[in-house]
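You will see subunit A twice below: alongside subunit B first, and alongside subunit C after that.
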Partner chain A sequence: MTEVSINPAALGPTASAKFRERVLPFILFGMVLVAIPFFGPSRTTMTLLNHIGINIVFALSYNMLLGRAGLLSFGHAVYLGLGGYFCVHILNWIDAADGGFWGNLPVFSMPIFGFAMGAAAGAVIGWPSCKRAGTAFAMISLGVAELMSAGAFMFDSLFGGEMGISGDRMAGPDFLGLSLGPLADVYWFIAFWTFFGVVAMFAFTRTPLGKLSEATRDNPERVQFIGYNPTRVRYLVFIFAGAFAGMAGGMSSVQDEIFTPENLSLIPSGAILIAAYVGGIRYFSGPIMGAIVMTYMGSNLSDYTAGWLLYLGLMFICVVMFVPDGIAGLVFGFWRGVRSPNRSEVFGKWAWQVSGVVLMIVSIIIIVEVAFRWSDGYGEVFEPFGLALSHTSILTWILAFVPLAAGVVLMRHAAAKYEEA
Partner chain B sequence: MTQSALKLINVHKSFGPAKIIQGVDLDIAKGEKHAIIGPNGAGKSTLFNLVSGLYSLSDGEVQLNGKTISGKRPFEINRMGLSRSFQVSNIFSNMSVRENVRCGVLWSLGYGYSFWRNVGNLKEVQEKTGHILNEVGLLEKANLPAALLPYADQRTLEIAITIAGGAEVIMLDEPTAGMSHSETDRAVALIEKASKGKTLLIVEHDMGVVFGLADRISVLVYGEIIATGKPEEIRGDPKVREAYLGEEADEIEGASA
Partner chain C sequence: METIVFSLLNGTIYGLLLFMLSSGLTLIFSMMGVLNFAHASFYMLGAYCAYTIMGVTNFWLALLLAPILVGAVGMGVERWGLRKVHANGHVAELLFTFGLAYLIDEVVKIIWGRTSVNYKVPESLDFTLFTLYGSNYPAYRIFILFVSIFMLVSLWYLLKKTRVGLIIQAALTHPHMVGHLGHNVPLVFMGVFGAGCALAGLAGVIGGNYFITDPAMAVQMGPIVFVVVVVGGLGSLEGAFVAAMLIGILQTSAVSINASFADIFGFLGMTATSEVGGITIASLAPMLPFLMLVLILIVKPTGLMGDREV
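What follows is the complex of A and B.
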């Protein structure tokens, strides 16, 4: 800031900063995607990775609304679902076709059709719902989600009733030597479209429309006085968000080969809201991190505990209350802390906070695990590390509340001690 | 008289039974610097909101360069060449200063709602943004988040966004409210520079600013214009003195342009 004369044309970031912030992360991301298969992941891991890829695209598309445009939607799965359903139908047309357009269409192109369907659905549903922002928009999205999932159960020929509709990804011609039969093929398919989706959605944030969407989020009134119609901005962004969600649906139709009305319901809509928020909606990479963590936890945590949904809920509440910038906020905060001049002080504060959090987590786990075993009434006992923690044991109650209290004390101490820092 | 840039014909506005603006007629010539003064609650900001399209008129008409703009929506009026600022800072607080101004520039350069261009590569946009930041003196703070700017700088940014689109008619709503003396001086210099060759309509409480800046002044009291004229005419007008009791009357007397 000491420079006095600045060339107005050279205001933006330097070329090297641009490369570091806007190109390098994507090169690294692409390299990770390419490198993963060489570690020989198991079939389970591969399936998990594919779902992570789908959710990355889905969460980013959701964040086009929540983080970038300030539109809280409770029904974003509608667009993934409609895009996905459309693609499952196409899979069946390809399977049934004997030559012709459908017969020669590679299944690899499904996300394009999902994209188109998502955009169309966004254009139709967005027209009434984008007239209003804020609470009205959120309520309308909730209504639409309910309507669509209820409607899906009624129109059997389109949505297949409770059983849903399934397809066969091996139909149609190969593309790039991928038959899409084996999971490894599907991995490359998902990796390609995930990469494409991430780059495209990042590019969108750099366009005039993307910038205006942020401006409309910050101050819709002022946007009117710089020549833009905020309703139009929201509507266009909504169409794109729907389109990329539909693209995720197209990816999902190939990975899972089935869509049911459940896919349109409030449950996946809520899940993606949580994933995007936990990841951090203020950062572009936040929803990516959220999608990775939440998909992983969703598929693996249930192996360890029957109370996993409870933990997810607690985590979400804690993120909203205490870490509003989410995982990405923590990651970038850590990075800034490592590079800050008063590193030792920052680390000192973190040490207190981490110990506090760990102690509280120990207590919470004990309370939850003991509580639902007690409520089950089968006499099962929670036995971590060989300790028998029954609800009748004094030790249980000590372990349930002493670390919790100690954790709270540590957090308060950290807050007081480093207040000025 | 030259062609009028902005013309208000018998403008009325009521909120329910409350008649806020009761028949305002105003004719502002191209290139004129026109100030509106009046006691608190006279309806100055309401008048601004009526002209810029935020509120709809109860009766009457507003014309911009001879075309009717009353009944049009704010963004349409803005596209026709009228830009306004706000009394409270009305900026895009989570974006950087540069992005704030850039948003103001985009429409006027014809980029509309485009989603196939990278803003970073639009040379024209970068140059105009840089030019405006330079003009208002925010170049050094260009990459700060707007919310972190000190108050006076936020007011400056408010003006920068207002002039960014290159509108021919500029309306400023109390641009120096809450500023210190030195900040006010700087703001006035900026307003003079930014409104050169353009039509300016300004609402202001600081009589020093008003009498220094304006070609003509209108006095709005209880939703009616009781006097319009050159600064010296207004200063001597007994009706104006009557409307302004006490301190502010002395201020008008004392304000030497």
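What follows is the complex of A and C.
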């Protein structure tokens, strides 16, 4: 009989690896958050940054469901909305209060209340919906989202009807010298809670519950074999996901000071689903990248082109079809490629692919832009780099389809050439 | 009495339209396990195609051509899109159709504009068929009724009485076995996906001028079609039929009831001026299908007539 001795400590990561993977990224993230205001961003940038912070927390909380627990939800905005609504109501109570508990409550603490409300909503709605996984869960979440957003229009005193409910973030006592009036103050508020949320959600993935949720996603039967109840695991994860979404709602209530029933509907739920997926649901940092890119695109791209929703849809479909690991997958894939021994070959493949993709993007942009201008019917002409591309000119058609064909050829060539390698 | 008859009649027509949409979705789901999020977008595409074809030729040609066109688009989507995503699992497929719905919405806005188009009932069908309780009943609604029933019967015949139907039914439950017997299962899948989309397109052709043809019609119809399929039981055409009729009649009747909660629960001391008391049954109508969905999934996860869980 051979003695097999395994030293468990030797199998785990070394202390330096732990530091590099679990602590260093957060230190860097915190430093970036602190450094940003010293570059003196403008008011629009500040607002954008605040929204990015909110969406980072929201997307990460969504990924607790989709990426970690394997639960596809079409109604995650319900929890952000309910948390946010609760906070707007509290803002109004603070404003109206004359001393007492509400009168002494700093607005800085709003995300805590959002967290509590999100958790409560998750506990109530999650109880029936978490009995099922897979498609049934997705359908229930869709039904709940429709019910909530339709029902919200009926209770005006709670949800404020079409106009929604607004509050005033300047009410209540200051906290840490932040009056939360100017946007710069709000930035610190958002930065603090974003950092807190990111760290807390990363810590959650390290807890036994976080690990179990991944096990339940991969193989619920085995989870049952080792003595855990998958339904219970899903339910608990669902409550936490709802709670962090509610926290994002609390942050949003201070930034925007208004919530409407629209915030509960399928539209923001779909948007966060796209953001998390495009970012890459298999990586913890994926939804962060997705939230940054999507929020930026949502606020800036719409200034440049009428077709930004079309680009968004195209991008989403391309990610689903060709890059299931999302932006984070590309970033980490690049990093691995740079460090791999057969670097030159990897770079060769990328060169082919990147040029193919660029050519296709050029075509698609031309097609979409020309199509939108033709559709508007104002006779406006798409003029990139001084070229007048109207839908009647032959140059437009050449530019629209030749690069597309060339791009497809390049991609096929790259796939064929490097397949055996 | 008057209200009941009209509600039943209109509800039946609405229910049949819903069934036409959901039959395709159910077929697609039970065969490939994909809940096609873009199904209602194909419905919209059908209405818009019919509008364009009708502008060039006439309604009858549109009735024939638009579903074929939509079916062809559906086949293309299956062949070059879904089949590729299939390897990444069901969630990826669901998300693919989710993205596709976005895309079709935007493309429709580019081609046909952001406002509703004037897709009208053809003149040959635009007359009063009979007068009931002093109200004129348009012939077009009865036309919808007949087209739906015709479609229903031919679908039933195709699935239950022909060899093609036999292969499709076998491929629903045992795709591998059917493949081993020498049938081209991917081709069957593509055909079923195309046929399902064509059915949605047909519903669009006859429903588009009954309701309004605008870029929002897919978003309005989409979730309700899901409800029908899930409530009826996934993969069960009979269940989808029952659920479609149920939701059609329920929703149409609810709209015509003016009573509020205060009238019903008045004995509990609820007044019409209070917030809950002021809610009318009519205003609850859009929520009914979703309430039903959530309740069914909790109480009877297989749906009304399904034999498997979602």
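Here is the rule we use: the second predicted complex is superposed on the first by the 413 of 421 C-alpha atoms of A that agree within 3 Å, B and C clash if a C-alpha of one lies under 4 Å from a C-alpha of the other, contacts with A are read in each partner's own complex, and residues count from 1 in each chain.
We take it that contacts are C-beta pairs under 8 Å (C-beta built on N, C-alpha and C of every residue); 3 or more make two chains touch, one makes a residue touch a chain.
Since we're looking at a predicted model, the values are computed, not measured.
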Looking at A:277, would you say it contacts subunit B, subunit C, both, or neither? Reply first, second, both or neither. second
Considering only touches as defined above, state whether A:312 meets subunit B (first), subunit C (second), both or neither. second
Touching partner for A:43 - first (subunit B), second (subunit C), both, neither: neither
After superposition on the shared chain, which partner residues are touched by A:147: those of subunit B (first), subunit C (second), both, or neither? second
Name the contact category of A:20: first (subunit B only), second (subunit C only), both, or neither. neither
Once the shared chain is lined up, is A:321 touching subunit B (first), subunit C (second), both, or neither of them? second
With both complexes superposed on chain A, which partner does A:240 reach: first (subunit B), second (subunit C), both or neither? first
Per the touch rule, the subunit A residues reaching subunit B in their complex are 1, 3-4, 6-9, 11-12, 18, 203-204, 206-212, 214-215, 217-219, 221-229, 232-233, 236, 240
Going by the contact rule at the top, pick out the subunit C residues touching subunit A in the complex. 35, 81, 84-85, 88, 90-92, 94-96, 98-100, 102-103, 105-107, 109-111, 113, 223, 226-227, 230, 275, 279, 283, 286-287, 290-291, 293-294, 297-298, 301, 309-310
If you look only at subunit B, which of its residues touch subunit A in the complex? 52-54, 73-75, 78-79, 83-84, 86, 90-95, 98-99, 102-104, 106-108, 111-120, 122-123, 126-127, 129-131, 133-134, 139-140, 142-143, 161-162, 164-165
Residue set of subunit A touching subunit C in the complex reads 66, 70, 72, 128, 131-132, 134-136, 138-140, 142-144, 146-147, 150-151, 154-157, 266, 270, 273-274, 277, 307, 309-310, 312-314, 316-317, 320-321, 324, 371-372, 375
